[in-house]
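Order of writing sets the chain letters: A, B, C and D. Residues in each chain are counted from 1.
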Amino acid sequence: MRFLLDDEQREFARSLDALLKAADTPAVVRAWSAGDHNPGRALWGRLAEAGVFGLSVPEEHDGLGFLPVELAVAFTELGRHAVPGPLVETVAAAVLLDGLGDRHTTWLPGIASGKTVVTLRPPGDDSPYALDADMADLVLVVTGDTLRAAGSTSSVQPSADPARRLSRPTGGTVLAEGPHVRRAAEHAADVGRLATAAQALGVGRTLLDRTVAHVRERHQFGRPVGSFQAIKHRLADVLISLEFTAPLVRAAALSLASAAGDSGRDIAAAKAAAGDAVHLAARTALQCHGALGYTDELDLSLWIRKARPLRTAWGTPTACRARVLTN
Amino acid sequence: MRFLLDDEQREFARSLDALLKAADTPAVVRAWSAGDHNPGRALWGRLAEAGVFGLSVPEEHDGLGFLPVELAVAFTELGRHAVPGPLVETVAAAVLLDGLGDRHTTWLPGIASGKTVVTLRPPGDDSPYALDADMADLVLVVTGDTLRAAGSTSSVQPSADPARRLSRPTGGTVLAEGPHVRRAAEHAADVGRLATAAQALGVGRTLLDRTVAHVRERHQFGRPVGSFQAIKHRLADVLISLEFTAPLVRAAALSLASAAGDSGRDIAAAKAAAGDAVHLAARTALQCHGALGYTDELDLSLWIRKARPLRTAWGTPTACRARVLTN
Amino acid sequence: MDLDFSAAEDAFRAEARAWLAAHVPGTPLPSLETEQGFAAHRTWERTLSADRWSVVSWPEEYGGRGASVLEWLIFEEEYYAAGAPGRVSQNGINLLAPTLFEHGTPEQRARILPPMATGEVIWAQAWSEPEAGSDLASLRSTARRADGGWLLNGQKTWSSRAAFADRAFGLFRSDRSGVDEGRPHRGLTYLMFPLDADGVTVRPIGRLDGKPAFAELFLDDVFVPDEDVIGEPGQGWRVAMSTAGNERGLTLRSPGRFTAAADRLTRLWRDRADPSDTALRDRVADAVIGARAYQLFTYAGASRLAAGGSIGAESSMNKVYWSELDIALHETALDLLGPYGELADRADEAPEHGSWADGHTFSLAGPIYAGTNEIQRDIVAERLLGLPKGRR
Amino acid sequence: MDLDFSAAEDAFRAEARAWLAAHVPGTPLPSLETEQGFAAHRTWERTLSADRWSVVSWPEEYGGRGASVLEWLIFEEEYYAAGAPGRVSQNGINLLAPTLFEHGTPEQRARILPPMATGEVIWAQAWSEPEAGSDLASLRSTARRADGGWLLNGQKTWSSRAAFADRAFGLFRSDRSGVDEGRPHRGLTYLMFPLDADGVTVRPIGRLDGKPAFAELFLDDVFVPDEDVIGEPGQGWRVAMSTAGNERGLTLRSPGRFTAAADRLTRLWRDRADPSDTALRDRVADAVIGARAYQLFTYAGASRLAAGGSIGAESSMNKVYWSELDIALHETALDLLGPYGELADRADEAPEHGSWADGHTFSLAGPIYAGTNEIQRDIVAERLLGLPKGRR
């Protein structure tokens, strides 16, 4: 037992962090929200080079193999830097396509290299929307035992997080049919749920970090806001919530990697905890920033607005809790 | 509209408060918990003289009429002073017996005068227990359309609040049968629920008052504990919770008095809010008193231990919330 | 004790309900935090005032109906139950007008109130500054004596709706000696100024959903004539605070908003929710109970006022209660809406014209403005519970 | 990264499980907070120690098995999963023993540890005083130099299980100069003394359910020989604190307690709850998730220790987390039990031998002892987040 990231995994996190810091992700998010996907596509390519999209693609299709722990590490960093785009969806789609085998795997090298952006309607959710379908190269829809590639999409429905551009996939052609589709979709949903939990954890971390920095600097009544006990205790609670979520996310990734035990339950537990943690972090960040935190122009808003959608996407809190108690 | 107690009602509260202060209720509670009902019976008589048990008995049976507002006022004071005994049960039983009319009303003068102590299994609850049946003069049980007077009771099952002595009524004779029993029992349950909400509110008030007094006196780190912002905010939340519960209790009593509108819903709302408020008050009182609050010997424990039972009795939080949304 | 309305009050309610039924727009106006929406809401204010419904509690001479506090509460209940538009004039009506009634001159009242009642002049507040949020006494913007008036300099921020409003009111430091003596509440002056005056620069600030709900104001030698000072120069803090906790303090968030929202939530729950989800049901019930409690608490306050009493630090309990109720209520609605709960209010497919999304964004500001809930809890603990002040 | 146990660890787990299955009493022992229960639990300690299961992490020479931290965690998981009795020796094992390992003399260890391991000598802690709860440095009880030892005077309180225990350990002020200089942590001495010594009066105090779970100690010229001082006189604070946050700090509440309790709660829920009550289901799920999170967090801490790292202020996060988890878990169980949730643990009809009621009472103390959760949150904020100290 060594329930700690190894040196290589930590180094992977550090290198992604450095890459993303240098990329000025807030500007990328704002462009993406305005419908300008170019900076986001460029960043997507660099993330692919760093290996992010290879983590759910087998080596025979030019990926790095299926590596859930590294995937969780990567998505925590993507969350920390608020990277926009159908990141979770592309990774889940890779798992889905790989699970179908056959000619469907022809998409995989493009996914691994970053050339191909895929989105899908989260299987098992009751959402009619696919994220960022307006810019994706392939839009997948699973209905029961059937997989379709959507022919077109409805107009973009903006989310409360404007970086999340939702639309309804419509029409298109059937790519596969049969119970194997359902099984592959369930596996893909687990991967999507895990990646979303990791992303939410990363979003929560940045919300806390930025808020701590703010309350150390901001003075009211002649002293730092962060010296008030009410503020201290709220931020302590956020830290505790995040620190006890992180091992759940790591363990869920391990569980998925080993394919032993009930990884679906472990992932649901991680998602429920991460949803609570990021929600608490966002509420606290907003309150501790006061009116400043309520503005669109402070970059903090880019993270605050992610909290609620990530809490709901790929498994609502109550659906995840029900799953935890399912034998 | 004058949504304030009138002078007479306020005077009634003040006189009960004075009576109960003089009665050293903590000693009465401790005796009652040990199975010595004498001081409690004596206090019962004085409460009857003050009119408490006449508030649910019609004038023709030597009572003061059915006065829900005064009942709520009285039970808030009874809660504030942690008075033991089947207070709610006797009042609810009076309503039940009065609702049946006929020879059942022969019990009412004794109830009003304090001579007769009645208990019953809360109708509609799924509890098998009646409170303080070991000392009551009459133990009632409603099952569906049937009212029985229990013949005997099982051994006392102590509650987490030792002043609440529970037992199972068994055997006995049928007193009445028919749909009018069910209707009368439903009305009695509403009265019991309202009285319990008022009692919980009173318990919460004393928990807050005693805790405020404590944290003003108790010093740690060279200053009063009550000057720490974390303590202040917790106590502010208790006050807010109680202050927004009080009007719900008053309005529910008015609603019952006027028999207009859906008084069952109003009472359920008051009970749900009072249950939350007293629970918060007890948790906060315990935490702000530290280890002192965790002791049996500090009188505070007499109130702390009431919180959970009152929250559940005569309508659990979730049953009350369901009722609030029932058309 | 009773909760009964008089025949006159019932008649007033019936009149308000009938008027609203006839006049409230069938589809919601565009968001009042946008230029187009602001204009539409200004027009609505004119409609309201034409039949004297814009400022019911004011004396008739200024466009009101001399309504009692209770009548005002009744009007608000009907107003929100009818789904009527948000009030673009609320800063003026709720914050400036009470101050004018208490401290203004007859000339000021006659000049300022009627166009406020019709929506012809819409007011923004200018309290906060970048370094003075919760700690309002540490204001730095200045009012300097000039011939026949004052010259304003400095920066104000979080000025609600200043992007589109006509005039603003706020506190300015006219005398530094209070600061030097550690009594920063002294030496402040309450002034009014036009937002299009020379020297005023308005920079809109987007709120969380991007709408320019407030603005920064940069003031560079802005001239204000003496007639636009309220109360005595140097006494601005006292002037501003004297109306903060009185009965009109009620007007910040009237219970009608929340009872109407809880009713809408209940309908939404009946229409769209899985009735077996008791976790959600409990939250809907809590919103209903909370809105009712807030309404009843307010009725009790109104009864106390009618009996000659007053409302003091209790308004701090109010503030905490409604602001947290509002968030819980809207979060419940968004959770109930499942995947549609994520949509921005401007999305075509947003349920109920995006009103839940917009209301949620709006609710998130509740615990922050008008004194953060942290400050309010300090006040509750110190003034109502008598806990020692300490340094917090 | 892995969560796999080695073959040796699996074998250790299997051995522990087999032993527990063969030895854990079929019906629970009487509450260890009663005289009869205390005696029964002391006997159980002897049974444990006979097969070297009472102090698995100690060296073999003192009755242990030299188990690693991970093996200890495994043992605890098996212990609580088997429904084994509470540990009446825990104050000695968790608080005094680590101090002796770090600061005791070989003679002290040889003399004190073996009878602690067998339950022959059961220890009570004597930290708190009436005026020194959270503010432990302001202790007033004194240790005065005497021939060959010290004379103790003063009053201690909240001494857990001192009503029935044999000996106690605590801090005493041996030098007042630190107090006068505003450095009250200085001049304290760590001493051990028998509870039946001349001059010791023990007054039991009932906890919320009346059981004498702790006691007040009155000390009147109680003689303690020099051999019963741990570390240097005057250095008691450093001695006591040095073991508070290290790996043995883990032992205060091992994850096994909570994973076992969450499993029991899940079974209770499956057996007795209305499955359509999703509000309750969510709370049960949260208890399961919370217990698992606490277990995994502890595995990570153990891994860090095994890799040569240390545990510092993180133990404050631990404390807040498990204490609030414990209350939530037990409140969920009591709510699930409906009318039976009210019964005291001694009631004949209390479900599962009253274990939920007893566990609930026990849980309520969690946020108070071992440093209140308010103090822990201050520590988390200041040491882990780097927020300014302020006066709180």
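Definition applied: a residue touches a chain if its C-beta (ideal position, glycine included) is under 8 Å from a C-beta of that chain, and two chains touch if they have at least 3 such contacts.
Chain by chain, the UniProt names read as follows: A, B, C, D = Acyl-CoA dehydrogenase.
As the structure is a prediction and not an experimental result, all values here were calculated from the model.
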item	value
A-C or B-C - the one linked by more C-beta pairs in contact	B-C
Chain whose average C-alpha position is farthest from chain C's own	D
Whole-Å gap separating chain B and chain D, where each centre is the average of the chain's CA atoms	38
Separation of mean Cα positions, chain D and chain C [Å, integer]	53
Residues of chain A engaged with two or more neighbouring chains	223, 228-231, 233, 318
Multi-partner residues of chain D (at least 2 other chains)	277-282, 374, 377, 390-392
Of all residues in chain D, those that touch chain A in their complex	1-6, 9, 70, 266, 269, 278, 281-282, 284-286, 288-290, 292-294, 296-297, 299-300, 302-304, 306-307, 314, 317, 320-321, 374, 377-378, 380-382, 384-390, 392
Touch list for chain B against partner chain D, complex	125-129, 155, 157-162, 164, 166, 219-223, 228-231, 286-287, 290-291, 293-297, 301, 304-305, 308-309, 312-313, 316, 318
Residue ranges of chain C in contact with chain A within the complex	128, 131, 133-135, 138, 157-158, 205-210, 214, 277, 279-280, 334-335, 338-339, 341-344, 346-350, 357, 360-361, 364-365, 367-369, 372-374, 377, 391-392
Chain A partner contacts - residues on chain B that touch it in the complex	228-230, 233
Chain A residues touching chain D - in the complex, by the definition given at the top	1-6, 9, 69, 208, 212, 215-216, 223-224, 226-229, 231-233, 235-237, 239-240, 243-245, 247-248, 250-251, 254, 269, 272-273, 317-318, 321-322, 324-325
